[in-house]
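Which chain is which? They are A, B, C and D, in the order written, and residues in each are numbered from 1.
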Amino acid sequence: MTTIGVIGATGYSGAVCAGLALRHPSLRLAFVTSDKAAGEPAAERLGVPGCTLRFAPHDEARKLAASVDVVVLATAAETSAALAPALLAESRALVVDLSGAFRLEAPAYPQRYGFSHPAPSLLDSAHYGLPELFGSPAPGTRLIANPGCYASAALLALAPLFGAGLASTTTDRVVIDGKSGISGAGRRADEAYSFVELAEEVRAYKIGAHQHTPEIARHLARASSSAARRVIFTPHLVPLRRGLVVTAYVDAKSGVKTEDVRAAYATAYEGKPLVRVTSPDRVTVHGVAGSALAAVGGQVDDGVIVAVCALDNLLKGAASQAIQNVNLALGLPETAGLETLLPFAP
Amino acid sequence: MTTIGVIGATGYSGAVCAGLALRHPSLRLAFVTSDKAAGEPAAERLGVPGCTLRFAPHDEARKLAASVDVVVLATAAETSAALAPALLAESRALVVDLSGAFRLEAPAYPQRYGFSHPAPSLLDSAHYGLPELFGSPAPGTRLIANPGCYASAALLALAPLFGAGLASTTTDRVVIDGKSGISGAGRRADEAYSFVELAEEVRAYKIGAHQHTPEIARHLARASSSAARRVIFTPHLVPLRRGLVVTAYVDAKSGVKTEDVRAAYATAYEGKPLVRVTSPDRVTVHGVAGSALAAVGGQVDDGVIVAVCALDNLLKGAASQAIQNVNLALGLPETAGLETLLPFAP
Amino acid sequence: MTTIGVIGATGYSGAVCAGLALRHPSLRLAFVTSDKAAGEPAAERLGVPGCTLRFAPHDEARKLAASVDVVVLATAAETSAALAPALLAESRALVVDLSGAFRLEAPAYPQRYGFSHPAPSLLDSAHYGLPELFGSPAPGTRLIANPGCYASAALLALAPLFGAGLASTTTDRVVIDGKSGISGAGRRADEAYSFVELAEEVRAYKIGAHQHTPEIARHLARASSSAARRVIFTPHLVPLRRGLVVTAYVDAKSGVKTEDVRAAYATAYEGKPLVRVTSPDRVTVHGVAGSALAAVGGQVDDGVIVAVCALDNLLKGAASQAIQNVNLALGLPETAGLETLLPFAP
Amino acid sequence: MTTIGVIGATGYSGAVCAGLALRHPSLRLAFVTSDKAAGEPAAERLGVPGCTLRFAPHDEARKLAASVDVVVLATAAETSAALAPALLAESRALVVDLSGAFRLEAPAYPQRYGFSHPAPSLLDSAHYGLPELFGSPAPGTRLIANPGCYASAALLALAPLFGAGLASTTTDRVVIDGKSGISGAGRRADEAYSFVELAEEVRAYKIGAHQHTPEIARHLARASSSAARRVIFTPHLVPLRRGLVVTAYVDAKSGVKTEDVRAAYATAYEGKPLVRVTSPDRVTVHGVAGSALAAVGGQVDDGVIVAVCALDNLLKGAASQAIQNVNLALGLPETAGLETLLPFAP
């Protein structure tokens, strides 16, 4: 058994990731840390009755990490940016970071995350863990930047279109309209995230300012050399607990048809067990929430490709994608521990 | 025009009450106070675009109150308990308190509200403002205790049954099962009240410990001399923004039939414009939310009267009932300013 | 008093419109028709306890219409298209049609609404009733095409941008991403619209095929001569009862800034009491649902204008806009009967 | 591998049950039937991408059943009542019926289910499959009546209290107040079950008339000889997709304390992996929805035992309980195929 620890296991993503590790056939969850729940039994918060672990305090994280094979950081970006270099130096563990600390280029950090990056050299060596587009980590990889939830969906929707040369080359921008469930904002003791304020509500937020915008732009360019694009991304809060949908709009090259879009996706995701290609009106939150799947589809509307991707922000947008990356790094089947996560529907 | 001020007008009930005052044909909203929004324009928070008031800081409340006819306290119970006596002494205003500060007998305060009551003599003189059961305030009334939301619904459902002698006299307890929307808990910056934690959730809370239990027991006994009862009240959170339903269970006197229940309600609420008597399966949140109405109905099931009442916790359970009380105290039509509040449905 | 009748008053929009007429200071609701509820008292279905009308059967509609001043058609488009000419011929009433029967040009009907238009000459003479953009009906107007909910929002967001010359002239398309509450689909006995299928769900529908697409294109071109555009419109269902948000993306002319966008809206909507201009992240469903208001805002993101509009699909997107049009046609204050409709929030 | 077929696999319970069979380590799903989806691939409707089955038409059910080891009937009660005897006669399969067809005594059927029971002799021999209270099916059992969702929860909450002698013997009735998510009503093409009608809604239904009332009474009496009781059961619809909570009220024997209630549950459910005993305010839908668990807790409030049970109506209230019964009948571990169903929370 491979041992794994989760640092910051009382946030939504960390707790879900720890729960997946507990059920994984080849992983053994060795520790979980949390400052707010330090000392408490983990079973109830992780939703896994049989779990006998207790939360260790966060300041024991580095010591605990020294004795495991894999460490998942489910901490804030600034914490991860400081902690990951220490863990890489002090342990032999594979480090998988769920935050944005290793997804961007260094100059973007002050504006998007509010801090100067303390370890810019790691930004190039970190593996950006979106397996369907960027494959398995290279042998010897020590640090995986697990993608953001919106970025995962946007890239899964967009990269095959550029890869297949379907996008017009006379315009240089992509419009991405995101609709996310509220757990995407993390655990919040904030009146603005209360049930009363968000039920029966829809609103845009961080217009022109979301931290996933440069993440999408950077990795879209990497995924397709022709894809350097202005990314216009507008996220919206919608009253769901889990799940998100992105609807992306790309000017099509002349003559491109819906069949070409479908073919591009079919080719890109052939043999990829965790991306389901379907027609865009069957890309639904119900089809993916609770599962490790993303669903993707698109069609051409009057010269514009309308591409839709849905995924569970806590799973394919965070925790199950982390496990998928761990599986690939360890040479396990890509879906180990994830097959039983079928959509929670109806 | 009668002048009115609302102290604590950024909480849900206070804001709704201020909004009602702004639209009232015979009231003029003279001031609103709020510590968190002191100095800010009130229009947006009150949802009334034309409003030109700004929130005054809470510590100007006593001075402002001295110059108006009516003051509504939408403050925490302990604040109200201290503030109301000062306002009564310093101003000539009618004081309507939305909190629980003047609803119980003095000994109940430490356990239910966490403080010893500073002005116990007011507890007898305060008018308990549930007009359909306790009528208009007597001339000269200075202090109105506006009822709690659950208590309003429970008393409207129960009092006519006891008043009509339908309840068995061989048992002495009443079971009340409450289901409330989340705004009943007030504005909360609390993870436990976040959308993610409460959507798709139902749970009981404060079992055997809710502060409305003694309120119901006290005023049920007042409403019907035969009604001294053990009140077993279990509130539940359900994923609504507004509205609540109470389902009350009373052992019926032998031979009591559903027609008797309906007749008791019809008699009790004849001529009462804000209580609608219907069959219990038509007592719905949709029928009342957004309106100043309560809906009541009941039937007999195998010897037990099942009585259901629904109301909007922020309106008939708080703000519109306060306006209704003000209307009655001022000799205005009972529904002045409230007729246009029709249910927000579908 | 002006007399008004509503044909098809058990659908959502028709019922809400009838409820508004009942509360209007200068209108008297003379009749309501409904086949499904023919003969039933209207009070409960309209949510107006004091209403003494009963639903007349639909086949009495033409006879009843002959004796009133205003008729609102809340019928399906094909029904309206056949009925309106008859009403215009047989009565002296102003006809306000809530359906899409008189919003498009004739050739669009077979594809978008599934029928050939029976009265194409009316399509030019009908007044498109979006008052903030197209003003009051001309004297003598007999037929008002009340705009679609999405079209109202999209046009309110877009027209001022084109009117002020802020849009790039090197591209010719506009992307509109819509998110609508479920009542936009009308009353439905359809498994796909059940609570279980739509709670915790978001999905796109009618991609490239929504009937509001040509409506937006036609009237956007009318509102601004420079605005002939390909309209790419993708609607999404989100789990709300009421309310919608459209987010529109327009390539900005070089140098256009957020201040220009705000100025364009401020100018366009100065003196318009039912459109509120605000920053785009304050354009929320909570700010408008339950009210006759639309909220609009926009900003420039990397060369693209992101414009957001929210409104209540049953009110500013249907019933209250019909009343607004009636007010204007009758020379009443534009907001008569609509001022008390404040947002149902929290 | 044991072969299993599901008859009626496009309803919610049947589809979930088929999905569980597909993931079960010792079961092989051999067929699924459905009239509405006959001939269609089953993968999407069952939410299991890899499934290669197609839905067989319902009229092939008896033929298909002849060749499997286990048949699950997810059909309407009247259909099950007719079909089960045929299957018992024609096949060697274990028949597990999810409907109410074999849960009551014969005289109750006309009133509660609207038909006279065609096979009353089976009503005594059917095993009532609530394993924590009634154990494993006896060897040779051919027919299992899988309990109703409300009945499962009510019995799990109540039986231990009577079994431990905590209930007063001077009264003879039990009050049960249920709150259920909407999937409890099954798939519905019914306006009354639409999102618009049920979001932000709570209402009681079938007051005094629910078919689970006699089911609870019958099996409560069987579970505890002292428990013959009038059952007053009032179900409510609450806006959840899945999950239910029952709150039961039982007069306590004099001197009974909360510790006694907890001890009764701890004793009754010791060694039962799928019932979690906790304090009643931690009995939540979030703690069980998506899982095969029930959560139970209780306390004494002023002489009345308030007992709360939550479960997922489609799992422990239907499909996972069916699998649990199959596991026990086959001598498999009770939780085989169910361990990975952890609560879908947050």
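Everything that follows uses one rule, which is that contacts are C-beta pairs under 8 Å (C-beta built on N, C-alpha and C of every residue); 3 or more make two chains touch, one makes a residue touch a chain.
This is a predicted model, so every value here is computed, not measured.
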*Taking A-D as the reference interface, which entry in B-C, C-D or A-B shares over half of its contact pairs by residue number?*
B-C
*Report the chain whose mean Cα position is at the greatest distance from that of chain D.*
C
*Which whole number of Å gives the spacing of the CA centres of chain A and chain B?*
46
*Any idea how many Å lie between the Cα centroids of chain C and chain D?*
46
_Taking the mean of the C-alpha atoms as each chain's centre, how many Å separate chain A from chain C?_
39
*Where in chain C do residues touch two or more other chains at once?*
12, 181, 183, 196-197, 199-200, 239-242, 346
*Hey, which residues of chain B end up touching chain A in the complex?*
12, 181-183, 187-191, 193-200, 239-241
*List of chain B residues in touch with chain C within their complex*: 12, 19, 23, 44, 47-49, 183, 199-200, 241-242, 276, 282, 287, 290, 293, 314, 339-346
*In their complex, what parts of chain D are in touch with chain B?*
171, 173, 175, 177, 179, 181, 196-197, 200-208, 230-232, 234, 236, 238-245, 247, 249, 251, 280-286, 289, 299-304, 306, 308, 310, 346
